[in-house]
Amino acid sequence: MSVAPVPISRAAAAADEVILRTDELRTYFKAGRAGVVRAVEGVNFSLRRGKVLGIIGESGSGKSVTARSILRIIEPPGYIAGGRVLFKGEDILQIPEKRMRTIRGNEISMIFQDPTTSLNPYMTIGGQLTEAYNSHTPSGSEKARDEAVRVLKLVGINNGGEIMKKYPCQFSAGFRQRIFIAMSMILYPDVLIADEPTTSLGITIQAEIIEALSEVQRQTGISIIIITHDFGVAAQFSDDIFVMYAGRCVEFSPKRDLLTRPAHPYTIGLIRSVPLLEERKTRRLKSIPGFPPDMSALPPGCPFAERCEFVGEPCREEMPELRAVSGAHLCACHYPQQYNVSEDTELGVF
Amino acid sequence: MGQNPLTRLVGKISANILLTAGIIIVAGCLAIAIAAPLLAPHDLSPNPALRLLKPFREASFPLGTDAIGRDILTRLMYGIRTSVLIAFSSVVLAALIGTVVGVLSGFSNPGLFDTILMRLTDVQMGFPFVVLAMIALTLFNPDKTSIAIVLSLSLWPVYARMVRSSVMLQKDSDYIAAARLMGAGRWRIYTRYVGRNLLPAMLPLFPLDIAGMVINESLLSYMSIGIKPPEISIGNIMADARGYIASDSWYILLPGVLLVIMVLGLNFIGDSLQTLLDPSLRQKRRG
Amino acid sequence: MLGSVLKRLVQGLLVTFCVVFISFVILRSIPGDPAKVMAPNATPEQQQAIRDGMGLSEPVLTQFRMYVGKMLGGDLGESYFKSDSVLNILGQSIPLSAILVVFSLLVSVVLSLILGTIAGTHSGTLLDRLISSIAVLFQSMPNYWVSTMLVILFGVRAGIFPTMGYSGAMSCVLPVVALVLPLTAVLTKVIRSSLIESYSQEFVRAAYARGVSRVGAYFRYALRNSLIPVCISIGSQLGFLIGSIVVVEYVFNFPGLGYTALNAILRRDYNLVQAIIILFSVFFVVVNIIIDLGTTRLDPRLRKAEGEI
Amino acid sequence: MPTGENSVVMSCENISKSYPVRKGLFRRVAGQKQIVRGVSFELERGRTLALVGESGCGKTVLLRVLLGIEKNSGGRFLYRGRNTETMSAAEQREMRLKVQMIFQDTLGSFHPRMSVREALEEPLILSGVKSGSERMATIETVLGQVGLSPLYLTRYPHQLSGGQRQRAAIARCLAVAPEIIFADEPISALDVSLQAQVVNMLMDLQDDYQLSILLVAHDLAVVRQIADTIMIMYLGAIVESAPAREIYGDARHPYTQALLQAAPSIKKGLTDENFTVHLKPGDLPDPANPPSGCLFRTRCVRATALCAEAAPAPREVSPKHVVLCHFAQE
């Protein structure tokens, strides 16, 4: 593959073209002798070219497993149990491992949650930065170095040459995450998956990192999947939002629809309980009762039924399918709600 | 993280098989050690008529006889008795000394006292055990007590270091801070909080170290600086057998095999406990 | 860098000095009189003369001062029995032991790297369990017994290798084998578990995610990051190896350092014992310094803590 | 909401904490690493004081100093008007029980080999409740207060979920009927759907028992609902301190403004606001080697030559609203 000398904006080329789509993706983990934890159970979403898709979920909801399944880096006892991942129209779950390796880092790359553990402490920054380049395009270390310096500039690091000789421990966590972003951008992939890239960082550093990501996106037109548990991050950064709960998809929609008229009780509950900077009408927060379910012993039916205030008969028996509420707004609920954030008198912020 | 649940599962199963095997072996050895005088088929008097009787020939001397006609099975039973006694007491002694030193050292870290104690363990651990034991055993009369002391001398630094690192890790933990805030005194923190984590950490070490001490004791006796006849140890049976390697090599094989089985049983238990108790193998869930 | 070397050297010197002093005092209090061992039939006056000649009549502290004075001048005294200088005796036995150490270490490291890698990359499989079980088995075999078995199998029965004394390179084969078996077992276990630990790290997953192959991940991530624990354990095994050498040399009557040490102790050959003890502790201190500095060099985080980078 | 006259239950004056920096062969002291720089505040009965700062700003060290886990290097603190240093041992014991702490890492704050029941009994035993049945009664009461089923009593900490453990931790504090609770990021490790539960619970308990809470957090959204007064910490110093409403409506310190700007929010998402950080790029300065003049100037977008020369003095821009900035009035 050749690298475009100057990354051109690919977003304009084909608006609304779907670059990556999952279709009933299922990833399970073997547990015990016969047990299986269905960490991801039938996930469907699509990523539009040049857009940002936010995946929101709590810990254990399967959002990281989804990301790793796309790249096929799930390790035993986990395994992809079924479904398809269509990348540029081709099911990449079916291609041989050897070809998959040419996709990883080259066409789809990934950023991890904690930059203090996702960089090898014993390897220089340069060694890790150029690794993807060298393993995909054997064109000499000189060239790789130049590319690395260029891509470091992209994330706002101007003294790249100097930095490459150093080790990860010599930099702060926020800076390491910047380096990691540069590393995953070195081959200008089409898709970048960011798995909670700011969760372990402070507020201002989080903002800096996401600013850097937006800048990368603006300059290269890359499509991004950002995985987060923070509704605010998803709301500000993404174009589409996908909500996961207990390994299932709950709601998937363009951002504005989802934020103003969420249809799934879980999404509504989240939006109403998120801590806000703005003043609310009531002092108490509206909270979702109960605890997230134990993934190794999920009851049949909708996993949210236990905590849902609108629960009905079918909820405990049958998992609802993802259906259109309006246009591109999909929701998996037997009783999708007619709720409008701006009319919520208890919230009274929007 | 990814491999851990599987590793853990397989580890658990294989640990259990090995654990069971280990427990059976060790229980057998213990039973023999305790009841040797009752179980032994013969007494220990020499019988020149039965010199170097080969094993598996005669039902009443299943493992043969030695150079002066004593039943080898009987002698091995008494040998196990000596081994178990000495190895067990030396490990207990070493663990006691090590715990005291480790706790003191850990709580005084950083400080001169800690530095001195740790350098001391350095010296101790670096010095070849055999040379140390030789010097010590020429200094004292080699009987069971002095051998046990010499053995524990080589072992206590291991415990001291382990306890020290555990104490240092716990010293700054939130749960110790929480206990202090609730008004727990120093003594209560040592016994109820720090101590509670020490024993489980030491547990897998006990069988492993007992195994090591069994070997070391037999080594000393084999080199004629440990248990001296007429007292019996597996080591001095082998020392005796050494004179007959050319003509009767089975003689040295038997006690050796017994020793290996015993040590293997102890190592199985130790390894399995380590796998079962290892917190790093604990399954983590991921979102 | 220089500061930390200096610090460790000072600490090491102190440790060595303590060892020398303690062993000097202990050796002098061992019951048994060299004069009586050397000249059992001499009159008490003659024995006293021997003692005076060796300086044994002086108080222990005075003896120690004299000893250290000579030692710093490079004189470790005469052996009481071999009528040769201690330095000469050591000069003959050290190379023989060194051969054993170097070869057994080399063979063990290579073997355990192969076995440990197989077990570590196939953790949980039958193969892994097989290798691990064999490792436990060899760990459970006492050195001296293995040596004796080797003597029986290859020496007495087959007559392939010499089993007693030193008569050329072939004499080293069996002692090296006896040393290699348990050492390989221990190192295999260490390499296996540190590989598993490295593989569980997030950065290995990150490497896979950017298209690094399994082989690349093994060399650049798993193996490289296991080096430090493996080096540390080789260091601690060296101390253990020295102990094993004494035993193995005893069984094979191999005239190396360990054999010399044992005989010297049995004969109350103070000067020789003392010199060997000094040698052991210096060796140990040096090995520790090398390991310490090596791990610091290898680990950028430690280098940062030391203020090097 | 507590009304009427406010009584100060705890106050501290000019608390500082520094660690010696050792160097060289003989570990001689080469300098001081100042982690906490002259922090003063008053905690009122039934009120919540929030301490907000990013990781590395010294807020956890400040808490540890306040709790006596570490010794302060300067300043003093008063419990109900009495200097804690000159207190008698008995008074100190009494104070210990009245001040309890909720740790950030709930798993780490429980002994891994103690069951929930043992952990909850511990403070009761230490506060001198001799009878076992009395202790059990108290434990059942506090479990009810935090909404945790007594079924969990036999479990070990690692067998509980994060939310359950946080409840158990709060129950452990409540067992000794404290007056003051120090909460170190009590919800930052929790899932979003559980955060609201815990915040609500803290507010309920505060209303019921007139608890005073010192809440440490790293972002301003979390403390929005519960805080009465907010202090913003940077590099060990309080850069702005004000009643909560003023922090959100009229922040004066550039760092506070940057924090507000950087906090993600759904509302900003709806108005298509991008992420922006009003900070100069760079890292938090090394506490052993702080910048001259104003501590914040290396990151401050408004910094001038004056800021490098002189450290700003605290200014009260409106009642109880104190700012540590040369340009606080603008």
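Miscellaneous remarks
Labels A, B, C and D are assigned to the chains in the order they are written; within every chain, residues are numbered from 1.
What we mean here is this: a contact is a pair of C-beta atoms (placed from the backbone, for glycine too) under 8 Å apart; a residue touches a chain by one contact, two chains touch by 3 or more.
Nothing here was measured: the structure is a model prediction, and the numbers come from that model.
Relative to the C-alpha centre of subunit D, the farthest chain centre belongs to C. Of the two chain pairs shown, B-D and B-C, the one joined by more C-beta contacts is B-C. The centroid of the Cα atoms in subunit A and the matching centroid in subunit B are 53 Å apart.
Centre-to-centre separation between subunit B and subunit D, using Cα means, comes to 50 Å.
Centroids of subunit B and subunit C (each the mean of its C-alpha atoms) stand 22 Å apart. Shared interface positions of subunit D, i.e. residues touching 2 or more other chains, are not present. In subunit B, 2-3, 6, 9 are the positions where the chain touches two or more neighbouring chains simultaneously.
Touching two or more other chains at once are residues 202, 205 of subunit C.
In the complex of the two chains, the subunit A residues touching subunit D come out as 58-59, 156, 172, 174-175, 202-208, 210-211, 214, 229-237, 255-256, 259-260, 269-271, 273-280, 283-289, 291-292, 307, 349-350. Put simply, subunit D touches subunit A in their complex at residues 1, 54-55, 161-164, 191-197, 199-200, 203, 218-222, 224-225, 248, 258-270, 273-277, 279, 281, 283-284. Those residues of subunit D lying in contact with subunit B across their complex are 64, 67-69, 93, 96-97, 99-101, 103, 105, 108-114, 122-123, 126-127, 158, 172, 176.
For subunit C in complex with subunit B, the residues that touch the partner chain are 11, 14-15, 18-19, 23, 26-27, 29-32, 123-125, 129, 133, 136-137, 139-145, 148-149, 151-152, 156-157, 196-197, 199-200, 202, 205, 236, 239, 242-243, 245-247, 250, 258, 261-262, 265-266, 273, 276-277, 280-281, 284-285, 288. Against subunit A, the residues of subunit C that register as touching in their complex are 201-203, 205-213, 216, 220-221, 224-225, 298-301, 304, 309.
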